[in-house]
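As written, the chain order gives the labels A, B, C and D, with residue 1 at the start of each chain.
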């Protein structure tokens, strides 16, 4: 299999979905070895860093890409399989950013209270042990957390001529911040512009569901993925698949709308897979689904609907795309 | 251990939290064997039943109780451990009720569209095999679902002299509809009135997270539980514990507020357990928690924050209450 | 016309809708002269009062009532016409209460920020000039505000056996906190229990739309009203009428749902008044309505839909009930 | 005064804020006579037109512009005074678009109900009488509505390199759809890119607050405005001023967040104008403001906070910018 490698130089970082020139063209079926900078653009490095001082608000969540997928046209479905996610550093950073996060007023949930303290936690990462050390700011509490690498951001260019910040997820994917986007997951995204213009970034060495404080264990990541293309069949909202489950992701506000989008997408998918009417698929989804939140902080919130394959009749969506990509991933390693 | 048994007659069903006379007084430490009618008050029995015709809107979600817990005072913490939940019937019913459910307009999310079709699905239940059969209305699709019995409703009387319908969950618990409320779970609820006045009901033989269509596999349930009391320490929102995890439940609208309530409660709990400041507990929760939704249909929505114990330093909340109740549960069987 | 007078003693204050014994029975057509204590139960009296110290959280928003209306049955429509609202004191108080208000986190929009400062503003009221003086806390700014007396709270007992705090408005009216509830307004409320059990309270000498900080110019009020009854025709949400406009009030969360409830109620009303189909009434309402917010603080938010009568074909809703009550009000003075 | 005239040809319509080349450069102080096409891009012309058939979803809400304002830099404040809005046609159109509008599920408030009927209402406009005729679809009801011309859309290019559809309002203004944006109003917008790149469109001959059904009396408009520039002082959210009131506009979801943004902006403005601390300005705003909704349909909802000048001490914001523009407007006619 052809393997394309790409590590952006800082001047190649991209801050939007849409609007940037592709850095590479890749044919469907291509494997890629990529490197992604962390969401802080590498600017937070010490527990004494204050985000409001070291961050550049215009340069957050840098993307690696965009990549032009040969032959991708609006209405097609881009399939991206995550082969592996390997932390590229021996540390990770998490912060509280003033008026950002789920348990504080923000620029939208506007209020008059003083912001929470601005703090940075630096986690030492033991890649061999696959763990990271939490060190409390205000006591001598420390604790090892297992790594669980994931990609916060994966998306394509939006429709309607838009160019959108990489901070806000939507129907085109983007900053969904779900722990389900990990090695072994295949993402299916509707293509909105010729070439799809997909990009990735925002590696998290670990994140809770909801990304409550606004940031995860942010760190540079070595990303291996395989890209493929399904003609037509664009889903309205991102779909995902891994060996254990089918998943859909909605991103909107308020949170119930994000979740409703994911639910309607899953009802639609079940209908397609099993020939069910809407009402029967609604009933089945209601009894089978899990609903893990993804993020409740990124202006648009993201929610996941997930059904374990063991709870469903055997199915091989998109003519076995995930299965085939898993096989090809096996050939890579 | 003293075991109290109680099966309500239909004229003993209770439709509110607060406002009803206790049917029994139980001392802390008492085990109880209870029977609960389904949320339809047993009125849906056939796949041709139309909810708008057979249901009595004033008699939904009947409770078994309320029970007066000796010595419980406002500010105390009621601990209820679910020993076992055993389906009491060989069938269960799920319906779509006009203008009720998550993927339809409702009386609150008011709109002008025609309601979805009113349908009833009857599931044949094989208690030995612990499965239930989904039968599609509009095709010959059928499928076995594993049972996963849970209690939709468990709550205490509210504060502020209120009497509240059993349909709407809130800080006093109630119709939280989370699959986490299953055998093996201990619930901690703040007491608001003398005697706590707790009740249970709304057995689900299985439910997806969110209870999307508005109803689960509703069925009568044999419930075994143990009641205990912790003086003081009332949590602001329900806490739960099972062998694998600590959990908190928030119930509000919009959905982000339900989740925020559960998150703030978990941040508070982590602070208590490990002596962390708010900011350190916020950080830790952000990286560790799971956020499975409970219901997005019951006027107030319910969201859960959950942290697996394997991810936390060893802890034994409430002086080991859950552990001790588990032991006592073992003595019962 | 028969005039009933009632001033509650403090031990007669009522803190709920539903659940309290009627203090009086009144026949339809009765005029009433009532006195209402302020929402603080009279406990805030000085600019140095701290709400968290002087308020009793179990004794907020006292009601005058409830009144049993002879012959009122579930499904009927209670009509209450506000004849006059006269401030009963020469001062009014407004406060910021910790974690209450629209521009702060609350117990539902839960967060971790420190509460806003707790402050009390005492307004000197000049009843002859119909003005109140704002005195800034932190500068020498002072300014006269015109009085615009209104009732924050007017409601009936809820359905479903519920007893609800007077703090939270809903379909039964209650703490709607709209400046439209002023002298000259007739309120139409669906009756849920025999006798309706209506009560009033929470006089505001003036309030902005939204009641942003959580409290208005709170003050005791002399209230003159006329009560009447329309058999049947209970609206789903409160309707109001004054000489200039038709109005509907929705109360829910999030705010769009409160407003949607008021809009659907207005679409329904226009359909009834002019024989329009839903779609034609939807179109007409869309082009004619005003949408002034009422409160965004009372757990349930309240929003108003209002159509000026000059924009509508002549109409005389409820067989001229408002017009007739206006005439009777004229006879009172 | 220099007057620039510009009428776009259809190929000059612009569908985004940001991303388009300026059609003209204008110096601060310039008056402009512009023509704007309606939000349907002129494609709805008959009561039998079905929006899903005649509309191009990629070509909605065309803008006239963008205009490069000489010397405008990020952080500056663009002032646009609406001198006059004159309907350019003798008819206007309003429609219900499938899954768009406030009283229906949408692509975000996703659900499974069938869409509402797709209907078009054509209003005959009598410009001399300043009225438009509503003709019911399903009965012989007709009624004259007074015209109240307004601009649905006025905005500048966004920050963060974004290009945004003209359908969704935000901090940069855009499709705010408030009836307050009418002749006599001055809008103050923060500048995000060099030259500001402002544009206008979406004339409404009349609209209710909330734009419930999703569309107003849409029509082409002759727009006369004056542009000016204030160095620095960019507000976080749009501010507006007319002879009678100060106004702020927030656009977000859920609706309470849109309104909170407008409220915080007004609290900030009051603080600036009168030297009040945040808490004193919060109190004053709480008692004085009106809160008319703008739109509850445009993905982001818009809400207005408005304070009548008669309720405030005399003030002349931005060194009398509105007053001076009013004078210059007088010279134009």
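Following the convention adopted for this analysis, a residue touches a chain if its C-beta (ideal position, glycine included) is under 8 Å from a C-beta of that chain, and two chains touch if they have at least 3 such contacts.
Heads up on the chains, UniProt names are A, B, C, D = Acetamidase.
Quick caveat: nothing in here was measured; it's all calculated off a predicted structure.
**Student:** Let me check something: if the centre of a chain is the mean of its CA atoms, which chain is farthest from chain D?
**Tutor:** B
**Student:** Please work out which of A-D and C-D is bridged by more C-beta pairs in contact, and write that pair.
**Tutor:** Of A-D and C-D, it is C-D that has more C-beta pairs in contact.
**Student:** Could you please state the distance in Å, as a whole number, between where the Cα atoms of chain A are centred and where those of chain D are centred?
**Tutor:** Result: the chain centres lie 35 Å from each other.
**Student:** Averaging over Cα atoms per chain, report the distance between chain B and chain D in Å.
**Tutor:** The mean C-alpha positions of chain B and chain D differ by 47 Å.
**Student:** Quick one: chain C and chain D, Cα centre-to-centre, how many Å?
**Tutor:** Comparing mean C-alpha positions, chain D is 32 Å from chain C.
**Student:** Would you pick out the residues of chain C that each touch at least 2 other chains?
**Tutor:** Within chain C, residues 103, 109-112, 116, 254, 260, 263-264, 267, 279, 282 contact more than one other chain.
**Student:** Looking at the complex, which residues from chain B come into contact with chain C?
**Tutor:** 15-16, 18-19, 58, 107-112, 159-165, 167, 236, 250, 252-254, 257, 260-261, 263-264, 267, 278-279, 282
**Student:** Quick check: in the complex, which residue numbers of chain C touch chain A?
**Tutor:** 103-105, 109-116, 254
**Student:** Help me check something: in the complex, which residues belonging to chain D touch chain C?
**Tutor:** The contact residues of chain D facing chain C are 94, 96, 102-103, 116-117, 119, 121, 134, 136-139, 141, 143, 145-146, 206-217, 254-256, 259-260, 263-264, 267, 274-277, 279-280, 282-293, 296, 301, 303, 305, 311-313.
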